[in-house]
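The structure's right below; bear with me while I get my questions together.
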Amino acid sequence: MRFGFFPGCSQEGSSREYQESLREVASRLGIELAEIPDWNCCGATAAHTLNHRLALALPARTLALAEQAGLDEVVVPCSACYNRLAGTRHELLHDEALRQQITDIIEMNWHGATRILNVLEWLNRVAGELPGHVSAPFGHRVACYYGCYLTRPKALAACRRIEDPIEMDELVRAVGAEPIRWAYKVECCGAGLSVSRTESVARLSERIVSDAVERGAEAIVVACPMCHTNLDLRRDAILAAAPPGGRSRLASIPVLYISQVIGLAMGVSPRPLGLHRHHVPVRLSAAPPSVAPVAPGEGEE
Amino acid sequence: MPRIGVFICHCGENIGATVDCAAVAQAAGRLPGVVHAVDYKYMCSDPGQSLIKEAIREKRLTGVVVGACSPRMHEPTFRRACAEAGLNPFLCEMANLREHCSWVHEKGEVTTQKAIDLVRMLVEKVKRNRPLTPIRVPITKRALVLGGGIAGIQAALDIANAGHKVVLVERDPSIGGHMAQLSETFPTLDCSQCILTPRMVEVAQHPNITLYTYSELESLDGFIGNFRATIRKKARSVDESLCTGCGACIQKCAQKKIPSEFNAGLGRRTAIYVPFPQAVPNKPVIDRARCTYYKSGRCKLCEKACPTKAIRFDQEDELVTIDVGAVVVATGYDVKPTSFFPEYGYGEYKDVITGLQFERLASASGPTLGEIRRPSDNEVPKKIVFIACAGSRDPAKGIHYCSKICCMYTAKHAMLYSHKVHDGQAYVFYMDIRAGGKMYEEFVRRAVEEDHVRYVRGRVSRIYQKDGKLIVKGVDTLLNSRPVEVEADLVVLATAMTAQPDAEELAQKLKVSYDGDKFLNEAHPKLRPVEMNTAGIFVAGACQAPKDIPETVAQASGAASKVAGMFSRDELSREPVVAVVNRQPPPVWSTCVGCFLCETACAYQAIEREEIRGRDGSLIRTIAKVNESVCQGCGTCVALCRSKSIDLQGYTNEQVYAELLAL
Amino acid sequence: MAEYEPKIIAFVCNWCTYAGADLTGTSRIHYAPNVRVVRLPCTGRIDFMLILQAFGQGADGVIVSGCHPGDCHYTAGNFHARRRWMLFRRLLDFVGVDMRRVTFSWVSAAEGAKWAELVNSVVADVRKLGPYEEFPQRLGGPGQKPIEVA
Amino acid sequence: MELLRDKAKSLLKSGAVQVVIGYAAGSATDRFRPHFARSADEADRLVFGDGCRQNLAVYLLKPEVRAMGKAAVVGGPTTLRTLLQYAVENQVSDGSAVALALEDGRVEELTSFAAVEEYLAQRPHGLSEEDRAELEQHAGRSREDRWAYWSGELARCIRCYACRAACPLCYCEQCITENNQPQWVPVASDAFGNLEWNVVRAMHLAGRCVNCGSCAAACPQNIRIDLLNQVLAQEAMTQFGAEAGYSVRKEYALSVFKPDDKETFIR
């Protein structure tokens, strides 16, 4: 099996561990993730707030490149990139005149053959084979956090039930984990305000993390770099915003990517999965021996 | 030889001002076949009409053309005049010299010439008209009412009181429908049972009404006035003639934990049960899916307990076939269950209930005997949240329409709660309050002002459970859209009113059309609200669209009056403008080759297959045959037929062709 | 020679376009007198051959009009007519009949003004095109030129 | 050829059919004529070759052939499509006829409509490349050229109605041309009468014609009247996705409709 892969800026920078864990899982499953040659930035929020045609042209070029490289299905880990690429594909397929205009701008032709998958859709494709590869079942209670982009807008949503998605819950269950029922699956974490108004992110993310902690989750599982940044990197701001008392669990609950959970269950050691890059150290009590405590910042290449 | 009379009207000044009527009459007089041509100032007046009548008698006219206003205006008038003079009314045609000529063109030779052309067209057409007589359709003066809710009950009573036989078919063991489940009804808060039960008893005792409960329509064939309905009387496993309704069997029944449909799943019932105390007929039914005997062959406690030995375990379904002249569809509605809402807990939170379930809590005959107690721990909720528009007006959930009654019953629920739990606080999350009926707005104002119900204008985005409380996350858009969180003990969703789950299947049995939401389609939303496109089938109540009880009863009486009107005559007479398949002497029988491509094209399924058999019964040919009582005369089949074997009376191919060739 | 007046024949349905034309009358909206209207119960009843016969009768333009989709008094007559017109148009065009002289339209009972505007525009267009000389005339029809016997 | 004869003989011997409708040698080496084999030695005269293109399904509805009892008909895909179109139009019931599909020397016996449908499903649908190219070539010309070509061609029509006789789907006992009240189609073969006849014939086959070419082959004046049918078949396909003779359940294109049929010409 061969899939296209679009890393986007986050996979090379702030959430390199997501790409590392994804590639670990893929190789264990015998899947090749072929990076799209000469891919360009998807434009993210900056483009579509400034100029609609620019916001379409940037992803369209990547789509055309993927099509030329014969990559029919492209995995896009970052949900912002997923939204831009899938959104562009949707718009261009439904408006022939617009497609003509955009293909003129990028001076490349695109017939609409490429399909865009986010990590959950891709993992769903191979979900059947996961139990077979599980050597160390991830026996922990986890809170699956879907955030916003994976469930909105409805037309592009990768999840069937946009108000109470279950795709990640099913995946973690397939590798031995126990997903808990909790209320903040799709509540906002503050997203893009992470830099400009961190106190808002702190307030919103605090409620998410504290609800997970109160319901006995030992880890929060995410599938999007933005969610991970806010829930993990901003943990100090979250602690500052938290009401006094009961802060120890709030400080220590780790945030893992779905691909890391699956990697661990496959017996991959923490370093190749990039666990050492997390802000909140990944210490899971009574976890299978393979997960050694890793101090933050150690072993930075 | 045709003897045509042409009568040109001045219509006062309306035609005379721009068309030289005398010249038109003169020109018409010279047309071949025209033996009489006059013009007169007011042809539709009494003297004008008598001009026509005298001419018909004196000149033995075989056809009449009146050049005057639009046929849509006075065709009936002039056709009646001809009939009174002994000429078949369908041998009279009108040329539109007013709306299509004098009123829209300048005075002058060109306009007069156009008038002459129009008259000539109709003269050529009328030469090919044939005398037609209205179609007589015998009527079976018995009505079939489907559905025993308030709509069906009202329609059945009205038709029966008009002196006609009625068969009322209800799917549940008792009539009463959803109204029987209600506690009080808005806007008067009178008890639903008190105003409904007398009507139910009246139905049971009415000599003209035959009541089939625990029965469903199996099939319906035929057409207006001559339907044949087959009804499946599901086996009750109880002999109705012996059973006295004493209830001994219900006490003894071993199965006590079955969720009661009547109590919307809140209460419990036994396998042999009567849905509610005031049930009509008050005779129990065995729920064979849940009865131990039917599962394992043991038990039979009810049989032992029955004083009159009325239990019949081996009773079979019974098929009853009846002839009816009209059908009133009053099959009612359903409500969305709480499991339809993922954001409100997918139905897994016990204390998130539907409006119908709250009705049962508030009802004196309900599982909590009227006390408002929450299903999880039977505690009286101190804080209750009502959510209006749960599912309705929500395209993302596929329900575009407003369910119309929720604002009113939500206000009623809040009021009932305030009256029963004095120290409790009720919240209502709403988008818009729709209280358009008589005394409706005043009713809602009472809930707000006297019963201090806190109306919060905003949608609830999510409900989740925390330490036994239900956290309702909403927003108050009137307080500059600040998020609002209420820790509620009980949440009531005013869920969307939808069509019955098997509405589509029923519509296909009746061959009637339905809309995207599976509500049945009325013939015309404004002018024929209680009729359907299929002649002889009427509709009443929520099966046509969400509506409250006053509208339902009004619609039911409307449908009943349509039926009574239809039954007031022994025969139904219909315009003879219908299609006819030509007949030829044997051995050809008809030029129709039996391809039946017309049969699929007919929107009214009016084309049937007629088998021509020889004396020895062998099949010679199968040809098309038009059912003249169902055909509406659109002519689609006539234009479709390759060999022109089917023709439309009143607009035959000959007539239309002649009209064209007259130009 | 008097200015050329095109001859237009219109086939209309009784419930919508004919009623619309009536409304044009009651609203006293004047329009060109060149059209002759043949009334039929529904567009479903309009046989495609009538259009050819009309041209064979010397018509220079033909209008076929009925209820808007969804408004049909008989629920589906206009839908069937639309399908026929879609095929018939392609055939006539393929054979080379001047389709600018054939106008299909939906005119409802409330569109009196639209009917007047439709007739006026068709008359104006056909007047520019001139008489439909090349279309063969029906034997014995009004436009029939005497047959030259060799 | 041998396979066909053996198959015919076995069918006749077993009584599965009473007559096998095939081709026999005609008056010249490259000419063939329909042949109704009802006994073993008659079956020996059955042949099949390039020239056998006439659609023999037309004989299935003839009373004289029906009187012979159950028939087997030999032919290619268009003959099979005719059988299915007969089924749609209630002229032939399932199992009342056997089809012997011939393709590059092989004979396949198809006894039910379902078998015919399956056989056709694996064959290419729609117009062939050359037909489509020819149509484009005609349609591409200016209106005046098209009118000049067709009014010229149709003027040569002598109204012998051979096209009607050859066409399997022209089975109306009283054709519209024999209807004189009103005289829809003028009798004389003048310009108007010929135009009217050929337009009516094409329209009556719209969405029904299986493009077997028998009409053009039968026309003594060699007028390409099959082009009129092909343009309508193409239009029915592009507009309604309707293709005659591929499925018994497919409705006739003009007796059904979709509320949102797309068109651009109605004002």
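Order as written gives the chain letters A, B, C and D; numbering starts at 1 within each chain.
Note that in this section a contact is a pair of C-beta atoms (placed from the backbone, for glycine too) under 8 Å apart; a residue touches a chain by one contact, two chains touch by 3 or more.
These numbers were taken from a predicted model, which means no experiment stands behind them.
S.K.: Counting C-beta pairs in contact, which chain pair has more, A-B or C-D?
M.R.: It is C-D, judged by the count of C-beta pairs in contact.
S.K.: Where the CA atoms of chain A average out and where those of chain B average out, how many Å apart are those spots?
M.R.: 53
S.K.: Taking the mean of the C-alpha atoms as each chain's centre, how many Å separate chain A from chain D?
M.R.: The separation of the two C-alpha centroids amounts to 61 Å.
S.K.: In whole angstrom, what separates the CA-based centres of chain A and chain C?
M.R.: Roughly 63 Å, centre to centre.
S.K.: Between chain C and chain D, what distance separates the C-alpha centroids? Give it in angstrom.
M.R.: The answer is 34 Å.
S.K.: Can you list the residues of chain A that touch 2 or more other chains?
M.R.: none
S.K.: Where in chain C do residues touch two or more of the other chains?
M.R.: 48, 53, 76, 80, 84
S.K.: Can you list the chain B residues in contact with two or more other chains?
M.R.: Each of 601, 640, 653, 657 in chain B touches at least two other chains.
S.K.: Which pairs of chains touch each other?
M.R.: A-B, B-C, B-D, C-D
S.K.: Once bound in the complex, which stretches of chain C touch chain D?
M.R.: 48-49, 52-53, 56, 69-70, 76, 79-80, 82-98, 103-106, 118, 134, 136-139
S.K.: Inside the complex, what are the residues of chain B that reach chain D?
M.R.: It comes out as residues 588, 591, 593-598, 600-601, 622, 640, 642-645, 653-654, 657-658.
S.K.: Which residues of chain D touch chain B once you look at their complex with the stated criterion?
M.R.: Of all residues in chain D, those touching chain B are 89-91, 171-176, 179, 181-182, 184, 204, 251-252, 254-256.
S.K.: Taking the complex as given, what residues does chain D use to touch chain C?
M.R.: Per the stated touch rule, the residues are 138-139, 143-151, 184, 186, 188, 190-193, 195-196, 199-200, 202-203, 206-207, 227-228, 231-232, 235-236, 239-240, 253-255, 257-259, 261, 263, 265-267.
S.K.: Which residues, counting only chain B, touch chain C once they are in their complex?
M.R.: Residue positions touching the partner: 70-73, 96, 98-101, 103-106, 110-111, 114, 117-118, 121, 513, 533, 577, 601, 603-604, 632-636, 638-640, 648, 650-651, 653, 656-657, 659-661, 663.
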